[in-house]
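The data blocks that follow each hold one structure.
What follows is a pair of complexes built around chain A, which joins chain B in one and chain C in the other.
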Partner chain A sequence: MAILALKSRPTEITPDADKSGPIELVRYVCAIGAMQSAAAIPRVVPITHCGPGCADKQYMNLAFYNGFQGSGYGGGPVVPSTNASQREVIFGGADRLRELIESSQTVLDADLFVVLTGCIPDLVGDDVGSVVRDFQKKGVPIVYAETGGFRGNNFTGHEAVTRAIIEQYLGPWDGVREQGLVNLWSLLPYQNTFWRGDLEEIKRLLESIGLKVNVLFGPDSAGLSEWRDIPRAQFNLVLSPWLGLATAKLLEERYDQPFLHLPVLPIGARQSGEFLRQVAAFAGLPAEPVEQVIVREETRYYNYIDGFTDFYSEYWWGLPARFAVIGDSAYNLALTKFLVTQLGLIPAKQIVTEDPPVEHRDSIREQFRAIDHDVSVEIDFIEDSYLIHDAIRKADFGHKPPIIFGTTWERDLVKEMKGSLIEVGFPASYEVVLSRSYVGYRGALSLLERIYSTVVSHSA
Partner chain B sequence: MARKLKQIAIYGKGGIGKSTTTSNISAALAEAGYKVMQFGADPKADSTNTLRGGEYIPSVLDLLAERRRVDAYEAIFEGFGGIYCVEAGGPQPGVGCAGRGIITAVELLKQQRVFEELNIDIVIYDVLGDVVCGGFAVPVREGIAEHVFTVSSSDFMAIYAANNLFRGIERFSNSGGALLGGIIANSINTEFQREIIDDFAARTDTPIVQYVPRSLTVTQAELSGRTTIEAAPQSAQADVYRQLAKRIADHTESKVPTPLNPQQLREWSARWADHLVAAERAEAERSREIA
Partner chain C sequence: MTLNLKTSTVETREQRLGTIIGWDGTASKLADESAFSRGDCGGCGSKARRICELEGPFTQGSVCSEQMVECQAGNIRDAVLIQHSPIGCGAGQVIYNSIYRNGLAMRGLPVQNIRFISTNLRERDMVYGGVDKLAVAIRAAFERHQPNAVFIATSCASGIIGDDVESVARALEAEFGVPVIPLHCEGFKSKHWSTGFDATQHGILRQIVRKNPEKRQDDLINVINLWGTDVFTPMLAELGLRVNYVVDMSTVEQLAQMSEARATVSFCYTLGTYLATALEQDFGVEQIKAPQPYGFPGTDAWLRELARVTGREAQAENYIAREHARVKPLLDELRPKLKGLKGYVATGSAYSHGLIGVLREIGVEVDGSLVFHHDPVYDSEDPRQDSLGHLVENYGDVRHFTVGNRQQYQFYNLLQRVKPDFIIIRHNGLAPLAARLGIPAIPLGDEHHALGYQGMVNLGESILAALQHRKFHQDIARRVSLPYKQSWLAQTDPFALSRAAVA
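After this line comes the complex of A and B, so read on.
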């Protein structure tokens, strides 16, 4: 009998993109780090079923040494954990989890609990679903997501948490759609140091053209009422290169809800205007009022840029010309677009670090190849900081010191290269970030302030 | 001076007579004056039943389920002939990680230096035969058992399991793990069964330590909660076990097995199956002729 698979193998097998191996200086955390995604929803409390140290490590990495954002209402040190040890490994941890959920209900005031599993229960095969379903049957607002470390990182964990809430908390729906209501799926909470301010600015922009926004995460979200409202929205807006796409597709399947995918997070007037026009067209909004909003925003924006121009043209001898970005695809793409099209800087090296799923990599590459009508950028997907720094050292920055948009991990490298560093991503341990934003019209101005304050103070 | 401790592991397919054989070896060794410990490494925790009148003992993991710290001695019970009986135990079927349980139980006894303190001559690990994960391979890793014996009948499935075990031993042999002592050929009553197991042994360059015939004496002894050595010491079967135990006690040189690869194994068993069919047909024709 011939050996015939249902699908034939490609004749040439290229090595897998995600080569596993040791990673120096990490740029994301474990899948269970998505406990902070749950905590990013007002009054939602994650419950972790994992070994000692797992939850604390996610919190300290994501929410502390990354902009010192703080843990939120139910995140960080509040998060209950089974603290699974040898006993739970050998005998299974289902009973311990049941006990923890019961006690958590007594001690913590939450609108929803999200159980996240770590490596131990996922390896041992704990039937977490059956434990959680028992509580769900009793009417306890609780869902679970399997986020063992070997399943992916905090990006995939975030998608698992989102899916869990949609599938387990939101019931079937057959109501009437509310025109002009949009669900926003964008930056990864906490991983992106500036997500709170950024979501606020995106929400402000969308509202300015007459939309109502379920922002879903962060201080500008109304919490679970927004989540319950998800099926009612006219459409889903995925504002990132790939994160959130799976969620939008799930909602399309489940509620027959359309989605608009815009890979570029808008920074500055040009991109923000384009963003508003694209969203308005998809939402079926009349163009005129949108144009009025754009004019109003641009008037303010260019008023400041006008002042900035004195500096930008006069200080030419001290300003960098070539830049590199090392970071998650969302910010990397947004920054590269802004710096090239609005400031005329030359991209020297763009490295995407969040290990995006293989199926999204080609579309991310395409976005960078179309940065501007005359600028095409070839990116690298690298996670290991040794290799990243090696690539940066080998990049051509011309005769001026480079400007690097990266993380705290680039501190020593940038010193060595005598360049400037703007910390724009995880981990940003030398930035204290409250509501600062780098996106939209207003965020772009803050970004310019940050970039050029860093540059001019370089020799101070 | 402490005597040199000898640790052996006995593997084999489930239901093949591993615990029966192991318990009889332990009993025969105890009878011969050795200080023996039998360590049941199977979540079912019934390896040592026939050494203790058919009764179950609390397992190491039963105790560990109650308390985080366990004194190993609380899990050691004396059985027939002063044999120290230990059961690793494990989780309920379908939950937790039985493999990790075995590792933990073995480590606990090692850490608390029980073998040295009890001045044991021989430890026999009776291990679940399908080496499904790392936990069940622990007894053959470096520093635990030195010799592995496998119990196998002439059934193909039992032989497959034995061959799988050989592959495991081959793997660990590079890192100082246990080596193969040989096959204990169980339930071998006919010439034909003997030919099959002999052929497999020859193909894998493995010695047969002992042929053990299927015997009602064993069943009767088991049903009375005892080993054959204890229940029918004068029987021929008891002598078979005594002989086996002596060989194991005297055994010094084990080696790296040469398992068959899946293709070889398939061809090998297909050839025997054809042979078997032909033999049965000849037998049927002969009885028709007689009729």
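After this line comes the complex of A and C, so read on.
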């Protein structure tokens, strides 16, 4: 049976049942959750064309009950929504959307609006593109992305929003590249509970070796001026196993802009030093000043590690030896790398949960296989928490209580296993996170504090 | 009006009750326009209970019926909720897990994760249908958790593609011998989320409540509530009555035995109206028709009606007298500390009617309130439940009484009009704005906090604590920029856009 697709699709849809099974206790949300990616850009306001509950669901769960991050200037309860009703389902919602966009300009003070669609307009076939183009022609700063929940998750939604801004807001460009300016594509805002502090630390590291950074999302971004500056950058830095690669490739095609892909977010001195050297080499920076920066950072870092050594070497009551990580590939890989190479912990189970696109899975597997010269890890890709918990129960944690790096979903499991839990990913409903970071030199120290305070406070 | 339990889909609030989500005026005017007193406003045509509603072009994200199904059917301890939807509807699992866990802890019940399974509908399913995935998910629910009931929450997507949820549910119910209950709660179908309460209660009434109870439990009272602390057990024990808490955190058996109880009460008629009325209509379990139990007059009348129905008048009078004597001196101490303060209530509809009364009891001025919808009548259609009328009659008018489905952009203008010292809220999204204006909020996560005689004392204490928070809010207020245009912030009429649309 042939299906006539209204729009081009990456793959043919066939009647065969797909392999995606049911998901108990979610670890990501749907594509329209990327409304918070738009809201993560200072003074950008998403406009949602969807049912009445969609916007509330996405932000309350991504931004509130996940580290209580707050929903940002234009995110959360600020977000306009058509709150599509029976009328929009039966008669179409294009007029309603037009009315909402018009009135949004009256009420809201935004530098850019990003229209995101939900299941309803994507199913009934509203021509959202034509509605938005009318406003674009009138000079209204507005773009749109199709993010119906059945089309993908908030990771792919994030790529769709990014692509929309690049394609619809950034014009053609033929200026002169600025050497030393880099666009950073890394963690998924809000989904990653610690994204703000982490982006701040990564930016700090890059600036320390003399680069200028378009961080693009979060409090350290200058907002849309950075986005307009994207084509001017010397290169794109994709700092994650796969998220951001599609954007970097788009920019390569569009602006002939090179990119550097580093799958491992650096945690701790070893990774951070390697990270700085790799970026410096790609950027063509002289080695000597970079080495000086590394020495300075390491002096501070190892001073604290020296103090920690007293505890780590002779704490009486035992510390965990084996660990599991349940989470998005970016943090999973970064944490596993740090815990194995710097602390000497033994990986018992690593489960990647964000449903990475199939084409990226082999390269993610390879990264884990090469975690250290003497340690290789075979990972699982699982999204259903029931199956995840089953796999954790069956893992070999040896004779000591395990330490699990996971989410709120693991609270009962860890009690049952008499282990320790560090909530490091969505959802982290029992963490309050402001600027805390777990990456770089400084984040690594916070991470050590968090891990061992948790373990020690359990002991009596 | 008879509630129709024969069809699997609940009638929406707007169909049954004439519910509105946009209105602005005095409380007394709204009470007048509501069916309890008059019938219709005279300008909207012949259909009874029609109140003229304000509708504007600008709307911010609201809440949907499916979310209310999640927070009710999804919080039954030995059931599983299937969300037949793309993964995004499953986002709600996070909040309702957190609330459930904290609720269980507060009630002294074993803390556990919620049990929700998303069918994870994808693009292919939009074309070929998702019923196979639904069946897989229901089977997974049985194999994994051996539940005593399985609920299915539908979604906008499953509704539009027209999945035959009923047939799958029937087949698997027959196979497993355990109720499999479709709850039709597509977000687009009702303009107000409270229809989701009704959808859950409708499914429970149809497929869980024992149809022909063999026994009566004459001392058992169904208490329709959420996750609040257990204040009803000691209160009803004074009358020799036992509590059957429903729906949140109950078991399937607690739901099944509702038909055996003597009567049904609720902390909020917005939440309980459908279930309580249907229990009376179909099973003869009397619904207590009285004002809600807030403040002295409300609590007195509520207790007396409960006592009359259950034949415990003497015990009730004794309890009322003792509580008056105990609480009055405490309030006398509180009132001077609260004197001169102005409060603002922004909560669900009937709940707000109760809270305003409590504030006025303890001497706090209230000249504004925002309710998230308004039901011109409750399902009982009994004027003794006219909670808004009760408020106006006992405590006087409220000058700025607003109906709006939680629109933050209007909340700024509403607060400017009233300039309160603090706000009382229950739903998310409004307090953060108030905070940035220097106004602290009292979030009533525990919905029983202000209930009954002790509730007046509790709320007074909470206000005094919240006022100290002002230091934080006033500090932040100087440092934030709001996402609203100056021209809108200067607008004195929160409904200016709606009125312009009509004009």
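Everything that follows uses one rule, which is that the second predicted complex is superposed on the first by the 439 of 460 C-alpha atoms of A that agree within 3 Å, B and C clash if a C-alpha of one lies under 4 Å from a C-alpha of the other, contacts with A are read in each partner's own complex, and residues count from 1 in each chain.
The criterion applied here is as follows: contacts are C-beta pairs under 8 Å (C-beta built on N, C-alpha and C of every residue); 3 or more make two chains touch, one makes a residue touch a chain.
It should be emphasised that the depicted structure is a prediction, and the values quoted were computed from it without experimental measurement.
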**Asked** Between chain B (first) and chain C (second), which, if any, makes contact with A:Val124: first, second, both or neither?
**Response** both
**Prompt:** According to the contact criterion defined above, which of chain B and chain C contacts more residues of chain A?
**Reply:** C
**Message:** So in the superposed three-chain picture, is A:Gln69 touching just chain B, just chain C, both, or none of them (first/second/both/neither)?
**Reply:** neither
**Asked** For A:Phe91, is the partner it touches chain B (first), chain C (second), both, or none of the two (neither)?
**Response** first
**Request:** Could you look at A:Val29 and tell me whether it touches chain B, chain C, both or neither (first, second, both, neither)?
**Result:** second
**Asked** Which holds for A:Ser272: it touches chain B only (first), chain C only (second), both, or neither?
**Response** neither
**Message:** Tell me the contact category for A:Thr162 with respect to chain B and chain C: first, second, both or neither.
**Reply:** neither
**Request:** Scan A:Pro77 for contacts with chain B and chain C and give back first, second, both or neither.
**Result:** second
**Request:** State which residues of chain A lie in both footprints, the one left by chain B and the one left by chain C.
**Result:** 85-86, 88-89, 123-124
**Prompt:** chain A touches which residues of chain B in the complex?
**Reply:** 61, 64-65, 68, 90-92, 95-98, 100-101, 104
**Message:** So in the complex, the part of chain C that touches chain A is made up of which residues?
**Reply:** 56-67, 82, 85-95, 97-98, 101, 111-128, 132-133, 136-137, 140, 144, 155-157, 160-161, 186-189, 191, 193, 405-406, 408-409, 428-430, 432-433, 481-488, 497
**Complex contacts: residues of chain A adjacent to chain B** = 85-92, 94, 123-127
**Request:** Quick one: which bits of chain A touch chain C in the complex? Just the residue numbers, please.
**Result:** 3, 9, 13-15, 17-18, 20-26, 28-33, 45, 48, 51-62, 64-66, 70-71, 73-74, 76-86, 88-89, 99-100, 102-104, 106-110, 118-120, 123-124, 148-151, 153, 386, 408-409, 411-412, 426-427, 429-430
